[in-house]
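Encoded as structure tokens, the structure appears first; notes follow it.
Chains: A, B, C, D and E, in written order; residue numbering restarts at 1 for each.
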Amino acid sequence: MIVGKVVGSLWATRKDNKLNGLTFLVVKPITHEDGAISRDSIVAADNAGAGIGDTVLVTTGSAARTSISNSDVPVDAVIVGIVDSIEVSHD
Amino acid sequence: MIVGKVVGSLWATRKDNKLNGLTFLVVKPITHEDGAISRDSIVAADNAGAGIGDTVLVTTGSAARTSISNSDVPVDAVIVGIVDSIEVSHD
Amino acid sequence: MIVGKVVGSLWATRKDNKLNGLTFLVVKPITHEDGAISRDSIVAADNAGAGIGDTVLVTTGSAARTSISNSDVPVDAVIVGIVDSIEVSHD
Amino acid sequence: MIVGKVVGSLWATRKDNKLNGLTFLVVKPITHEDGAISRDSIVAADNAGAGIGDTVLVTTGSAARTSISNSDVPVDAVIVGIVDSIEVSHD
Amino acid sequence: MIVGKVVGSLWATRKDNKLNGLTFLVVKPITHEDGAISRDSIVAADNAGAGIGDTVLVTTGSAARTSISNSDVPVDAVIVGIVDSIEVSHD
């Protein structure tokens, strides 16, 4: 899973009907390691009640659909949790 | 999901019959963050009535097939929406 | 989907029996945008009658298996079409 | 699969209920080759009893869910083993 | 699919029981094009009787499980063939 910060929202009126009712948020992945390539932001459907500024856990790929009740929804990234804390050791 | 701009079209007469009737568009991903690597354009099947110049939402992977009525269609990227607006905070 | 040029062939006598009868071609992805990272060639099973020098459309991931009649074939990239033309606007 | 070192933990109280009971660990991929791009850390659910400092084997994508008893759990990376040793030849 | 050279082996005693009996090999992807980014080695389960030094064909993603008789095995990369020869044209 990816950890990222919610930095924005996306609106699309003309879309696949199966996407109706979903909230689309722009998530900027957090880079944990110096020297690692900065990944560009992605758009994820929200399934955790996230808001701008929240640090979130994002599941990608086919697993994203298992978070949504309807497995026919065409999403490849879903916010599945709000991160309380991350502890990383650099020893 | 990826946000991109439709920059072109692709034609293929000789192809898997299951692809008949689909429109293939060339989508250039939009880079949200300075310093992020520019991703190359991809080819996506259109399921939102998109045209050249439109900003679109693209779903990739197995989720792409859930947007098409027939799940046996060999596509790995589908345009699922026309983006009205994106608001990104850089605070 | 990826657009690429067929630049070679691969032979493997000792292989998973489920791969018998398939032709494996080496496909070099075509880079559409200046500054985008050049992607390395991939090996794809041919389902469009492609030959060396052809520009082809390649579907990757689980969608690749939907192009082959038997969904148990362990392939993650299949050539699904021969590209006639691509029109890209750089306005 | 990816080989990595467990460098941290992640806590999320507000999350998809299907994730309850899982432990989320931060795994830093180990780079085997000089010159290869350093990959950023990922978050993986633990299914091998791993702890900080362990070298682990991580399965990603839809295969991650096959390690968890419930295939509806929205995870895209799972620790499936603790690595005892890796022998790599550089001849 | 990826073409690579087998450069090592990995042992893990404590692992998901569904992985028992599999051999895990370290595969270094072969770069076909100058200027393409060198990809780091991956760990793949062997389904072709490969050994150190062999050039192999590796299938990734959900397709990897179709090569193993039991589709519940949590692997995302499997060696599906031993490569006899690759002919690439650079015209």
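The rule is simple: a contact is a pair of C-beta atoms (placed from the backbone, for glycine too) under 8 Å apart; a residue touches a chain by one contact, two chains touch by 3 or more.
Quick caveat, the model's predicted, so the values are computed rather than measured.
Averaging C-alpha coordinates per chain places the centre of subunit A 18 Å away from that of subunit B. In this assembly, the C-alpha centroid of subunit B lies 30 Å from the C-alpha centroid of subunit E.
Residue positions of subunit D touching 2 or more other chains, listed in rising order: 37, 39, 61-62, 64.
In terms of which chains touch, the assembly is arranged as a closed ring, every chain touching its two neighbours and no others. Beginning the circuit at subunit A and passing next to subunit B, one meets the chains as A, B, C, E, D, using touch as defined. Interface residues of subunit D facing subunit A in the complex, by the touch rule stated above, are 7-16, 18-19, 24, 26, 28, 37-45, 52-53, 61-62, 64-65, 71-77. Against subunit A, in their complex, subunit B makes its touches with residues 1-3, 29, 31-33, 35-37, 39, 47-49, 57, 59-64, 66-67, 78, 80-90.
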